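Provided herewith is a single structure, encoded as structure tokens, for subsequent inquiry.
Order of writing sets the labels: A, B, C and D. Residues in every chain begin at 1.
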Amino acid sequence: MKQFDFITEIPTLGKAKIKSPLRKARFVDGSSPTSLMLTSGELTELDADVLQKDFEKAGPREHIYFDAAKARCAIVTCGGICPGINDVIRAIVHEAHYHYGVRHVLGITNGLRGFIPKYGYDIRELTPDAVSHIHQFGGTILGSSRGLQDPVEIVDSLERLNINVLFVIGGDGAMRAAKSIVNEISLRKRNIAVIGIPKTIDNDINFITRSFGFDTAVEKAAEVIQCAHVEATGMDMGVGLVKLMGREAGFIAAQATLAMQEVNFLLVPEQPFALTGEGGLLQAVETRLKERKHSIIVCAEGAGQDLLGGEPERDPSGNPKLGDICGRIVSELEEYARVKNFEVNIKFIDPSYLIRSVPANASDRVYCGFLGQNAVHAAMAGKTGMVVSRLKSSMVHLPLDLVATKRRHINTSSDWWASVMEATGQRDFLK
Amino acid sequence: MKQFDFITEIPTLGKAKIKSPLRKARFVDGSSPTSLMLTSGELTELDADVLQKDFEKAGPREHIYFDAAKARCAIVTCGGICPGINDVIRAIVHEAHYHYGVRHVLGITNGLRGFIPKYGYDIRELTPDAVSHIHQFGGTILGSSRGLQDPVEIVDSLERLNINVLFVIGGDGAMRAAKSIVNEISLRKRNIAVIGIPKTIDNDINFITRSFGFDTAVEKAAEVIQCAHVEATGMDMGVGLVKLMGREAGFIAAQATLAMQEVNFLLVPEQPFALTGEGGLLQAVETRLKERKHSIIVCAEGAGQDLLGGEPERDPSGNPKLGDICGRIVSELEEYARVKNFEVNIKFIDPSYLIRSVPANASDRVYCGFLGQNAVHAAMAGKTGMVVSRLKSSMVHLPLDLVATKRRHINTSSDWWASVMEATGQRDFLK
Amino acid sequence: MKQFDFITEIPTLGKAKIKSPLRKARFVDGSSPTSLMLTSGELTELDADVLQKDFEKAGPREHIYFDAAKARCAIVTCGGICPGINDVIRAIVHEAHYHYGVRHVLGITNGLRGFIPKYGYDIRELTPDAVSHIHQFGGTILGSSRGLQDPVEIVDSLERLNINVLFVIGGDGAMRAAKSIVNEISLRKRNIAVIGIPKTIDNDINFITRSFGFDTAVEKAAEVIQCAHVEATGMDMGVGLVKLMGREAGFIAAQATLAMQEVNFLLVPEQPFALTGEGGLLQAVETRLKERKHSIIVCAEGAGQDLLGGEPERDPSGNPKLGDICGRIVSELEEYARVKNFEVNIKFIDPSYLIRSVPANASDRVYCGFLGQNAVHAAMAGKTGMVVSRLKSSMVHLPLDLVATKRRHINTSSDWWASVMEATGQRDFLK
Amino acid sequence: MKQFDFITEIPTLGKAKIKSPLRKARFVDGSSPTSLMLTSGELTELDADVLQKDFEKAGPREHIYFDAAKARCAIVTCGGICPGINDVIRAIVHEAHYHYGVRHVLGITNGLRGFIPKYGYDIRELTPDAVSHIHQFGGTILGSSRGLQDPVEIVDSLERLNINVLFVIGGDGAMRAAKSIVNEISLRKRNIAVIGIPKTIDNDINFITRSFGFDTAVEKAAEVIQCAHVEATGMDMGVGLVKLMGREAGFIAAQATLAMQEVNFLLVPEQPFALTGEGGLLQAVETRLKERKHSIIVCAEGAGQDLLGGEPERDPSGNPKLGDICGRIVSELEEYARVKNFEVNIKFIDPSYLIRSVPANASDRVYCGFLGQNAVHAAMAGKTGMVVSRLKSSMVHLPLDLVATKRRHINTSSDWWASVMEATGQRDFLK
């Protein structure tokens, strides 16, 4: 009995035709081969314990839909990079080739553009050998791009290239694009499976409790906070200010704060704060400095946008550009200190791309391996219009719509956030 | 309604007397502040989804038992080191001091010996300042020791030092020692709480789905496998043989194998294998070498003990000493290659302590922070005879007996193990 | 016979009185115990082979001036941090304590301010135990500050604290301050030795062929360039722009460029370049992008200041503030691409403090050890008004004046610079 | 005027015929483009200051001998791996291709065997693209092998493959092999240049003051010592025993000891020591343990071989196999402690291949870049029978004979060794 008003069912392309090359005895129930998973993340509004019972478990199926000997797969990577993309590519290629016997996996270069003739094609054959070392590198060996492309042109290319399965690695925009590709395929009544592997350095895709690469990014972010601590304590009245990724969700900033336990003020988009006045950040920093002679502030890039005033600029796609909250904090704090006549030495660190362009750590590598393997299992079984993901400690299939509709945010009434608040001791400041 | 025949109830020292300094509104239900947890590990025989409903959730309580202003806590670390011990110590000290106002946390040095007069006392005052940087170091700042000490002498010392709460960080032996201390306290009708924080680099404590430090150890083990891969491919007919920790359980070896996806043969204690003969390791390595010119073997130290013959030696405590399975593989493989007239260049790497003596990574740091905080919450609420632990994605209280009775092993019928087998492609060899 | 018109002689406080506790047989000639040194750096105008013959070699002396049992030493750290300061502090303390038997080494906190009463004193006793782990941390455990303090007040404090030897770790400003302290001591006819250990993350102190911390900074800078490469190749028409330290000298940027061999354009203060027009950077980037689809630019912070126009702002000390050359490159390149109608995706990375706040690597640790040891040898022998340094492969004593008078720059007619040009292939652009 | 009785002259193949594509104005004097070099190492018996005047400086020449458009180069890697081999390969390929316009650089696989028909050929075309990322990996992409091959067969292959220049990267054995190839070429009067790039993880090649990869190996070795320190201090009466590479020379062990300054006993092949009796190691460790409760011993693998007694075993090539000195120390120390009735907890760490199979650090990368570039400069100028190397701070050409004749050892009368002794405080023990 379904308990929720959203759809958890996964479309399939038709009746599976062929016996799976994988051991049916072990996997006949479709259970997950992935019970040892590494997880971080929380659900915002749903009870995941119950929820995961409603979703189809990932894993190999007894019967498969595509004839591996003839199947042609393609992989495309979209949007900004994050640690582990190459691991996912490698896992897909190895699983398809070694365990199903698929002979052709194509790499589409430069994101969805790679399907559009006017940009020029550059399709690569991804053999097991060609991908055997790529997990040692950050980024994506296929290149990427941003922006939407016409699904009609994309499906034209899929047909021209004779592709049966398309794997889309990308953010929520790419998941929406994948959905429109599924729709176009459906209109044409073609048997092409589209499987998404959601990617987001900000860890903010709906229903995805931990996106791949997040653990690695937190590791690097924690190193940056340590540097800020060294700088702040290296000068009398030193303030280390660290800007971290997180446009709409402060997960990286918060988890790195938990890891280091040295942060005094954590600013995230989900939690409004005052800069000036009684109980504002400036006053709180002053108090801290006078007591302890140094202070560490971690600020997610999307925090405090309401304080910047004015209409936000917009980028070519119409998304609002983030205002420079850290620049504002620096100038206001310096002015405040000048007026109040105390010393302040601000050391601002913006690691930006440094936390996302590194290779995945071991934990993310294991996770990316499971994502790639299960994406192939789902595709070969003829499933489509879905993503693979971890929900708490199981690997599941989620409908594309579900992950693309809205973003996930920190639940500031959660116990996890309470722990973050304890780590910083900033409850009073945020009130 | 209880579904299991073991006890999940946690003893308490009496009625809680004092209002908690922590926000009761948020924590009144005893829910966990730790839903964003990082996990790896599986349960062997129990369904954890159901199970965790039976256990008491960890977290701060509305009422506390001890008067923080007068309470004296002590921390002792036992057995071999693993990444994160100092993080747990630091979290306990900071939580007790900053959030409860406890004024004295003592560090007992050199393990349980630190309580025994004949070894000489060396008790240290652990102030927040004294522990503020210790998480940057591997090992334990308190020192450790192995072996049992008389609980009567230990409780004598606890009374003499006027200690109200004892935190025991250690392996299953230490958890059994903690249990005997609880019993002795109980006989004397003293109000001293004893809280365990289970530690095991092998990840094999019963009911503990992921022990702290495990993630870091896997990271280092994966680096070692990469080195073995470089060595093996750097020579014609190169064999990289890596020995990893795991006396009775091969979790580190298996998880590192999943992370690297370069291992051809994984040997763990839970999975018997033949060395010689048809389908034995030697023949399988020969086949691999002839096809691919190099091969990687990862061997947990406790694997294949049945192949070594004879009675095992025993250490002073009567535990069997592990036989040298890797030495045996090297000599047998060299001899086999000589007889069969093929070349083999074996590069044996035993990283031993290198994977456990490093500082914790960010993920383990977050976990250790939660362990330390929740240990203090439990203790201050007057609970005793229990351990804090993560069970799937919740922090819970488990009775000491439960974790100390037996060890956890890889479930070789699990889907996770099936994935490991897929990663190595060794199913046929192991048959 | 002296060949140069600057003074290479080192002042001493008087006749050495006491036999050295160190083996005289080995060191009686004052030869250096440091022939295995790690070096990077070039001299700009002098032939170092000849030069080092003119300088006094560092090392222990047969006779020492101060009575170790009564001597009181002090250490002060000034200016911005760089990797290895704590290693130097530790080496001084250990050498003084263990090899000479000095009982008191004081740590002056917060730089030269630590001598000035109005800031409040915070003098620490630096015992061998207190410093035994500090090399694991970046920064300086003593704290630092910028700006000059009155030498009269400083020498007042030296006298009040009864200090015989002052070690000053700092940049060229601090070396000038040290000189004025020496002068004040000399006026008062006090027997206080002042020994400088020059510190500069930019590697630009005159006569110092490789400043400590430089090797570590290059290691981190190279990692950043690798990240920029991943970002630039992860997007079609990607440009990775990395800003590195180097106000007046581009040594870090250049050496990191040699290490990575992936940089297409290297901009340093010593080498003027055009932004616009024929042969300017914008056009060169366009050409590169059209050929190879991505490009890496490394820019030292002080490069291209002439292109920014206007009068530079000045900081409170009257030093010119550096203009934002990278911001200028970004905006000009985006505008240029818009006008010329080609795509460009700029990924700007400013690691700033991240490359200087880390602990020293092994090579810098060895070097810092030698600096600290030789500083103590010189001081105990009664030398003053000098710095210890490596000159090519010897450790020498240099007069304070020599290092404080002017800064060192990249010699763009050198063969080393020619190699850097080859690494980037940018000779034509710079023309 | 020559001051030494060995030959420093470099043979050339004939008169250079073609103008160099490189800027002659800068390099016409053959001066080195490499004055900013990183160095570690000492000469044993020669005064390098004088010596380097006698050697030909490395660098591009005004005239070149080979017609780049027709030249075919080959690279072969021999013996055990060390950090930076792939960097040297990459630098050779890039220099030959981009700066000289050489079209074919061949990679010979599996060492000198790659020239011998019976092993099967596997020659690879090394294009700039094929090598562009290889510096990210440890080891050698070409594979390697040990042992001698017939120079007649090798030169047969060189002729068959139409190779003009052979680059040999390898140890002293490989340098002797290179010499015999040069002789065979000379007998046949062929115009084939042979250039060596000496490689040794032990840093013990004659006249090579710092071999590439050494700095990286020291970095890793220092990490291992830190682990041993953590283990030793984590147990009461803990002894950390670290075995490091160094068959005949203890450079890695000694330099890592200088870097960490935590080692109490350093054992190297060059310095005999007693195990038992008055002033022996066992007694010294006992004294240390009783004073400080823990102790760190670093032992180069070739140390103390005289203590093991008996005739050494020999490997197939007739080289003596090293006896297990560390095993001996462990068993003797345990027995000694048993007899003398004190506790000892020995933690033995043998990192073996872990310190040599990692990628090069930034400093070694810069060095490897210079080695590769200068090897190509020398080869294209028609030089042969020589190696490129750094001698103190210059890059020079050395005759093959010179580096192949004997091995370099630590000079235990040097000041550098005196510093090592100071770092350990073990002078009395070694007496």
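We adopt the following convention: a residue touches a chain if its C-beta (ideal position, glycine included) is under 8 Å from a C-beta of that chain, and two chains touch if they have at least 3 such contacts.
These numbers come from a predicted model, not from an experiment.
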item	value
Chain whose mean Cα position lies farthest from chain A	D
Winner on C-beta contact pairs when B-C is weighed against B-D	B-D
Where chain C and chain D are represented by their mean Cα positions, the distance between them in whole Å	30
Centroid distance [mean C-alpha coordinates] between chain C and chain B, Å	44
Length of the line joining the C-alpha centres of chain B and chain D, rounded to whole Å	40
Contacts with two or more other chains, residues of chain C listed in rising order	137
Touching residues (chain side chain D, partner chain C) in the complex	23, 26-27, 31-42, 48-49, 59, 90-91, 94, 98-99, 135, 215, 218-219, 221-222, 255-256, 258-261, 361-363, 365-366, 369-370, 373, 392-393, 413-416, 418-419, 422-423, 425
In the complex with chain D, residue positions of chain B that touch it	81, 110-111, 113, 119, 137-140, 143-145, 224, 226-228, 230-231, 233-236, 347-354, 357-358
Chain D - residues contacting chain A, complex	133, 136-137
